[in-house]
Amino acid sequence: MQQDTTTASRTMELVCPAGTPAALKAAAEAGAHSIYCGFRNETNARNFPGLNFSEKELNAGVKTARRYDADVLVAVNTFGRAGDLDLWKKAVDAVSASGAHAIIAADLAVLDYAAENHPNLRLHLSVQAAAATPEAVNFYADTFGVRRVVLPRVMSVEEIVKLNKEIDVETEVFVFGGLCVMTEGRCALSSYATGKSPNLTGVCSPPGDVDYNDNGSTLSARLGGFTIDCFSQGETAGYPTLCKGRFNAQGETSYLFEDPVSLNAASLLPKLQKAGVTAVKIEGRQRGKAYISQVVKAFRTAVDGLSEGRTSEAEVSAMLASMTEGGRETTGAYKKIWR
Amino acid sequence: MTNIELALGPVFFNWPNEKLLDFYARIADESDIERVYVGEVVCGKRMPFSDKVYPQIIERLQAAGKTVVVSTLALPVTVRDRKSIDALSDWDGLVEVNDFSGVAARKGQRFVAGPFMNIYNEGAAQTLARMGMEGVCPPVELPLSSVEVIAKALPEIEMELFAFGRLPLAVSARCYHARAHKLHKDNCQFICDQDPDGMDVTTLDDQNFLAVNGIQTLSNTVHATTLTQSEIEKKHIKRLRLSPHSVDMVSVAKTFRALATGRIDSAECEAQLTSLPLPGQLANGYTKGKPGHLWVAD
Amino acid sequence: MTFQPERGLFPPFLQQALRFAPPPPLGFVLTRAVRRLAHQRPDLFERLDEYRHAHFIINPVDLPHVFRLIPNGKHASVEMIARKNMPEGTARISGPLILLLGLVDGTYDGDALFFTRDLVIDGDTDAVLALRNTMEEADLTPAELLGFKGALRDHLDSTADKTFSAMRRYLHAPEVNA
């Protein structure tokens, strides 16, 4: 057991996303303790055009972050393409050379390569590995020396409490942003419709496969030719993320898998801290600087408040209100009722 | 090259015990499938029921000369789920692991990896081989070209291809059967037993799309890899996996046996399968690196 | 007057008036601006990757002209074209001018605008995404883009900022961060 995980006054580490060097700077300025990013290629799970970092930009980013006393964590968290693992190995080498604090990985090949060739590089297990049991977490810790595990967004707070009692590594959990309904890293819905998926190519419901069809009265949002949702005139048209679409089953139309909501577990921070969670993470490497800056400020206020033993819930919720305005939010699987 | 074998995957659906007993009795008596995977892989809540009949089923299959492999849960969550995996740690038969808890439980004893394990490349396969993995059925979305790379890089690993059935696409903490019936997962009334091949999910314009089976999401289409015998051999694939459905699986096995022994070609295989009352249309896109719902002619 | 501006659209009389604005000089100025940027920030064009060769049709629906942007580094070009001659592009972004301007200076989150249908994207969505993410990294103000420096730039930007924000209110454009 990590010795400091039991002291209530420890500050939870705030882990924030950056899709561009400008966003990294914005996150650092806003008070991120650490910032995660990825390379501009298939090695990371937010492989969108125009997003992410070159090696040179990462090196500069690590220096920028250092000026703000923040750490950089680099996600090399897709599954390597068979016969083409050099791209992933090169990414691991580049993370090590950049002076980044840690690498976030999911693929056994990547973990194995990092552990073998860069024993001093701190390893974090990506959420894409979906390790949710003590046995699985300890397996990664014992085999590769993983120091922290990012928990899949399928666990309740009670389960996190129990898990933390049975493992020796740090845990990190998502608290804000996009919400995967399916277990991360175990979902091929996107490739079924489009041929591209998080595990295969680092994208989910890719924009290039989206089309909108306006027939005058309704607008259909389609992904890979499948209608994911329909909107009447004037209704806000959501992005057709596959698992947040409207479908028919049992003779009824509904958001079968999940409503188009995003995760906001700000209200659960005290419980998560008590559960022994080391770090809380904000999703959204694809989001703009303005968004990142505001969300990071709000959560920094929240974790600082917690470590000082005061509640800043009202203040934080006001700060986040403009970020989720119009959009609905959920505490997801952290509360068991979600299931 | 040794003969291409056939395997029957684990039953994904919530079938009543009588149906399971009848189903496996026919497999034991009437099919020449070499290997049969048994056990609950989708939902731990179903285990107290089916666990009662699986010992009997295993015995029956073994008596008929089948290699029986016990499959583990894809998403263990509760203490009971975890115990079910741990209980297999000292089983001397073959175990199919579907989660890293299973790899840990085997403590170096041999195992095979199921399609819920993220083995996307030769590096991952190599790492697991060092831990006792002797066979793998890769994730369904993995293109055949990648399967071939892995198979050739690790000739000592038996490569099994998901060749027939609705594709297991995702698992979740949430039960969609319960949600669709406005029930809570903790009080689900085992409503998933109403859909022996999964609950059809269609789009708003009534296009067939997915199928729900408790916490699992499957394709609506029925995947079928109809490669010819020589193509299968060329890609170093040892075994074809057929995933159980309500359709006559003995007939399905006959068709694939004919394909794997070169008695019929891909077109004839497709025709024979289409003549069966399948739960969805045929698809094979994944094998060609295309969207999984497509049918791409050979 | 009973005219009620809608979601940031220029009022029709203004749209009419703009019909007579001479087209060529603006395209020329913008071309120079983008080429200057290519010189100062080559990283941005690396970020665009293959999409630097894309033809982006910027379609301010309340103006009589459209713009064709080819962001190909030092060979970049911006042309102003009458709407009736609107060319096919790799991708087209249509929306009220004030929203398109707000995208440049980061006033609006592109994601939010796409989802509310204030902006309509046709063609290659990936190209538009690459452009948007690059703009995000560029962090440009309008005066900066046009090559103004120092105090003059700051003055112009603050003026532009006030003008745009007044215009957004007047035109009932969506709230920032909507």
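In order of appearance the chains are A, B and C, and numbering begins at 1 in each one.
The rule is simple: a residue touches a chain if its C-beta (ideal position, glycine included) is under 8 Å from a C-beta of that chain, and two chains touch if they have at least 3 such contacts.
Protein names from UniProt, one per chain: B = Ubiquinone biosynthesis protein UbiV; C = SCP2 domain-containing protein.
Bear in mind the structure is a predicted one, so any value in this text is a computation, not a measurement.
Engineer: Which one chain sits nearest the middle, judging by mean Cα positions?
Structural biologist: The most central chain here turns out to be A.
Engineer: Applying the document's contact definition, name the chain pair with more C-beta pairs in contact, A-C or A-B.
Structural biologist: A-B
Engineer: Please compute the C-alpha centroid of chain B, do the same for chain C, then give the distance between them in whole Å.
Structural biologist: 52
Engineer: Centre to centre, by mean C-alpha position, how many angstrom separate chain A and chain C?
Structural biologist: Here chain A and chain C have centroids separated by 31 Å.
Engineer: Please report how many Å separate the Cα centroid of chain A from that of chain B, as a whole number.
Structural biologist: Comparing mean C-alpha positions, chain B is 30 Å from chain A.
Engineer: Any idea which chain B residues touch chain A in the complex?
Structural biologist: For chain B paired with chain A, touching residues are 74-77, 82, 85-86, 99-101, 103-105, 116, 118-124, 126-128, 131, 139-142, 145-147, 149-150, 153, 167, 169-176, 178-181, 184-186, 199-207, 209-210, 212, 217, 219, 285-286, 289-293.
Engineer: Can you list the chain A residues touching chain C in their complex?
Structural biologist: Within the complex, chain A touches chain C at residues 19-23, 40, 48-51, 54, 57, 206-208, 210, 212, 219, 236-239, 286-291, 322-323, 325-326.
Engineer: In their complex, what parts of chain A are in touch with chain B?
Structural biologist: Per the stated touch rule, the residues are 79-83, 85, 106-113, 128-129, 131-136, 138-140, 143, 154-155, 159, 181-183, 185-189, 191-195, 197, 199-200, 220, 224, 226-230, 243, 245-250, 252-254, 256-258, 333, 336-339.
Engineer: Using the touch definition from the top, list the residues of chain C that touch chain A in their complex.
Structural biologist: Spelled out, the residues of chain C in touch with chain A are 43, 46-49, 51, 106, 109-111, 114-117, 120, 124-134, 136-139, 177-178.
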